[in-house]
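Okay, so chain A shows up in both of these, paired with chain B first and chain C after.
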Partner chain A sequence: MDKSGNVGYNKTKTKTGEFMDAIRIENCTFTYEGDTLPAVDHVSLTVREGEFVAILGHNGSGKSSLAKLMNALETPDEGTVTVAGMRTDETDKLWQIRAEAGMVFQNPDNQIVAAIVEDDVAFGPENIGVKPAEIRRRVDEALAAVGMSAYAKHAPHTLSGGQKQRVAIAGILALQSRIIILDEPTAMLDPLGRREVLDTIRRLNRDDGITIVLITHFMEEAALADRVFVMEDARLVAEGTPREVFADRDMLRRTGLTPPNPVRLRNCLTDEGLALPADAFTDEEVIEEICRSL
Partner chain B sequence: MRSTFGQYIPGASVLHRMDPRVKIVLTVLYVVAVFLTGSLIGYAALTAFVLTAIFLSRVGFGTVMRALKPLLFIIIFTTVINLFFNSTGNTVLSWWIIRITDAGIINALRISYRLTLLITGTALLTLTTNTVDLTDALERLLRPMKLIRFPVHELAMMMTIALRFIPTLMEETDRIMKAQKARGADFETGGALKRAKAMVPLLIPLFVSAFRIASDLALAMEARCYHGGEGRTRMKTLRLGRLDLWAGMAFCVVAAAVVCDQCGLFAFADNAVRGLIFPGGAL
Partner chain C sequence: MSIVVKNLTHIYDQGGPFEAKALDGVSFEAHEPAIIGLMGHTGCGKSTLVQHLNALLLPTAGSVVVCGIDTRTDKSRLRELRHRVGMVFQYPEYQLFEETVARDIAFGLRDSGLSEEEKKKRVRAAMEEVALDYDTYAEKSPFDLSGGQKRRAAIAGVLVMEPEILVMDEPAAGLDPRGKEEIDDIIRRYHEKHGATVLIVTHNMDEAAALCSRILVMENGTIAADGSPRQVFSDAERVKAVGLDVPYAARTAAALISRGVPVRPDVLTVEELAAEILRIKEERRA
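== the complex of A and B ==
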């Protein structure tokens, strides 16, 4: 990571063509101390640079544990995790890895450290010893990138949930992370807050080429991703484009996931004997297919 | 709850713009001076200093005086004690077991005025400096204490987090209270003991919340590369400005007056005024 030069997230989309793996998890198993069953069981997956992936799975399926492996908050008992070419079990790379792969948590309140928004955004770069003037610049840019510049001097508790999550994202951008891992960032937000957060992460992914790993319970959010992974009982049970994953009805039923509304409608209609292609999954596609088949 | 002692009042006055470190140091020196001084010239100098500061702070004279209110009882109490239970000096008034002496009166006046100066001066610090800057400045001022293994950074971090989470915990308390009221809990009626007992079921979930917040926060801090004060920088740097220089010089004048006073250089003035108050008594 370059600490001196340009702000990472302002770089134009990097090295198209030569895609590096942002996160590579190889045959990882991880058990919490004191637990008997592993929280992550022989999981292998790869997230490419600039990709937007979603991780689905019901409660306790190991999604958060997997996320913690991705930025060295935990290290695997077996297998390896490589983040931007750095192995998470190499302790001397710890801060570089965490700066490279930032993490946003579910509860907007419990991840903001400072009593003033801009101080909180500065927290990350302060921890890795960035020079004051450079921190100032990064903080201003990061707040602008999430549309929160007007709130720089506000107290966090006066913000809405969506705004707090955007501040949390800014805190990661200020670390110049190229990867953002979000663990159910919208679970505690109202529809408006969810919209704000989703728009922000999609924009960062599209315009700045930031790799996004979104853990979510909302299928509509997963449908926005380039690829979707499904966890069940600590194992990875499916992966593919949202189109492929939502077409796999058996797997969805087994893992207890409810597909997005248009897919449910399509499934109902197919069950009633209407012949629809199995991979239509957006509102428009399903409407079009229905119209065509009538 | 609202009129907390010296709660920060946002502003852009000269005092607000001063380096918080200088404000803290000057306040500490000011407190020392208040305790050291024992004579009229000293008090006059300190009064002029604090009045000028109040004027420059633009928070309003009334606001500063309001800081005295919660401590009024203490002031009155010490004054009364000094007034009635002083056995030295010439008796001015004697009734039953009470004997008021001129030395007693002087002492009582001195103590109450000293407390007033003390409270207004320190209130001025907190009225013009927000808690975040205060914590920051304290951390920087105490930095040399690291040499004797005093956990300066850790303490400052704890204070920062405490300040950040006070509103969050208040909201949480409110939420729990509402949830329990909905289940029929009663926090308002009954004697003190009954109400205190009603609080117990409130405290337990609050503690559970606090621990959950703490563990979430620790994880979030670690994820953002927090690893103690080692190699940490700060975005906001404090730099001494011209304002701080002026404030320092003003205080030097006051300090000089107090020191001269201590050396007895102004004794004549003191005696003259005492002579005016008690024409008969030779103190």
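== the complex of A and C ==
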């Protein structure tokens, strides 16, 4: 961190200016105290700078544990986790890592601390000693980035669930984090709230190059990611583009995951003798292929 | 078992600084056992409406008569009403508190006058309803269960009362796909076995389309639509106008129709839509 409190974006680049991996998990195993079975079992994966990845899996599959490893809430028993070039087992880097990789949780009511929206967003930078004028600028920018500027002076309890989650995201942006890890951020929201949160994280990813790690049960959300990881019984059992992962019917059956609706329709038709190309994936593509096949 | 809501209006904090009309002349009746979906975006009045069904809230105007009990006039029967109408609130597992699963589920029976043996039988039956094995889980702490199991234990605590009407506010919210299916199975099973009416508040159109025989759509404290899922969801414009999504199958059917593929517009599930497409394929081949 430099004197103005900036957590340098440059850290994630090598000396030659190439992008580094945002998160690198190497052969990690992690067991909670008192448990016999590991929650994460020999998992390796890499999230690249500026990437939007989704992690799927049933409750208990290890995906939330994986998220906790990603921002040093937990450290692995075996293997290493590297976030923006910093290893999470180096305890002096803890706060830098958490400033670099912010986390949003499922329950919007459990992560707001202040009585006014803008104070809540300012909480992080205040804690690390950012100067007031700089805080003001960051809070305004962060609220604008999540489309919540009009609510800066509102009390958080008057906001909808989707708005609260966007405030939580703004709090991370105000720390100038380049990585946001979201653990089922839309599970408790209504359809409108879900859309607000999804649109916000997609925009931050696309326009500002923020790296997104989205843990979700909603296949339609995972379908929007660049890459999908599937966890099952503490292990990583599949990874690839959503198109590839959702085409692997054996894996989906084994893990009990239901593919997104267009893929389900394609599978249904293929099973009944109307074979559609296995890479038809989006709503439009499947409709197009149906029209062509008739 | 019947619900008769007539011209129900509810105003919070009437005459006070935060006066707000949450329900505005709502009327609907349900006499036959059914699984009814109550939909509408946040703030439309759903929660206010369901809280009237067991007299947690009383009408500002109009009337609510459930199982023959008028919530405004039959004051002496409200306790009976609350036994006959079971309420499962959002995230009911937050309300688990007892030392064992069996004791938590039995809590509602404490003043029932049933013998210990009877109570145990009822708890066992309720656990069976929610697919929690009695011998495995009865003596466990509820806090040692998984998220989905906690949810089901909390639901069993309501089912143990054997309510004729079961009201559930987003019973599957926050669960993984497997957990959601389990909840849907519980609802179907309870409805069929006990001839109960189940009223579910849900945001999930695909779930509602597959599970419910009737859908009530609310908007701004009024009923905006009331009919079978087929009727309600085939009017896509209206559904969108109240801020809800149309189920995937209905949406895709509309897109196919606009491309000249004459599928039925009122399909509800992916399987139904696939059957329609195959039917057209056959017709064109012939």
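What we mean here is this: the second predicted complex is superposed on the first by the 277 of 294 C-alpha atoms of A that agree within 3 Å, B and C clash if a C-alpha of one lies under 4 Å from a C-alpha of the other, contacts with A are read in each partner's own complex, and residues count from 1 in each chain.
We take it that a residue touches a chain if its C-beta (ideal position, glycine included) is under 8 Å from a C-beta of that chain, and two chains touch if they have at least 3 such contacts.
Since the model is a prediction, treat every value here as computed from it, not as a measurement.
Trainee: Using the superposition on chain A described above, determine whether A:G60 touches chain B (first), chain C (second), both, or neither.
Mentor: The second partner, chain C, only.
Trainee: Examine A:I172 and indicate which partner it touches, taking first as chain B and second as chain C; both and neither are also allowed.
Mentor: In the superposed model, A:I172 contacts chain B only, not chain C.
Trainee: Counting only touches as set out at the top, which of chain B and chain C does A:R292 meet: first, second, both, neither?
Mentor: After superposition on chain A, A:R292 lies in contact with neither partner.
Trainee: Going by the contact rule set out at the top, does A:H157 touch chain B (first), chain C (second), both, or neither?
Mentor: first
Trainee: For A:T258, select first, second, both or neither according to whether it touches chain B, chain C, the two together, or no partner.
Mentor: second
Trainee: Going by the contact definition given at the top, which residues of chain A touch chain B in one complex and chain C in the other?
Mentor: Shared contact residues on chain A (touching chain B in one complex, chain C in the other): none at all.
Trainee: Touching residues of chain A toward chain B in the complex: what are they?
Mentor: Contact set of chain A toward chain B: 71, 73, 95, 98-99, 102-103, 105, 107, 109-116, 118-119, 122-132, 135-136, 139, 155-157, 171-172, 175.
Trainee: Which residues of chain A touch chain C in the complex?
Mentor: Listed in rising order, the residues of chain A that touch chain C are 58-60, 106, 160-161, 184, 187-188, 190-193, 217, 256-258, 261-262, 264-265, 268-269, 272-274, 283, 286-287, 290-291, 293-294.
Trainee: Within their complex, state which residues of chain B touch chain A.
Mentor: It comes out as residues 131-132, 160-161, 163-164, 167-168, 171, 212-213, 216-217, 219-227, 231-237.
Trainee: Give every residue of chain C touching chain A within the complex, in rising order.
Mentor: Touching chain A: residues 41-42, 146-148, 173-179, 203, 206, 243-245, 248-249, 251-252, 255-256, 259-261, 270-271, 273-274, 277-278, 280-281, 284 of chain C.
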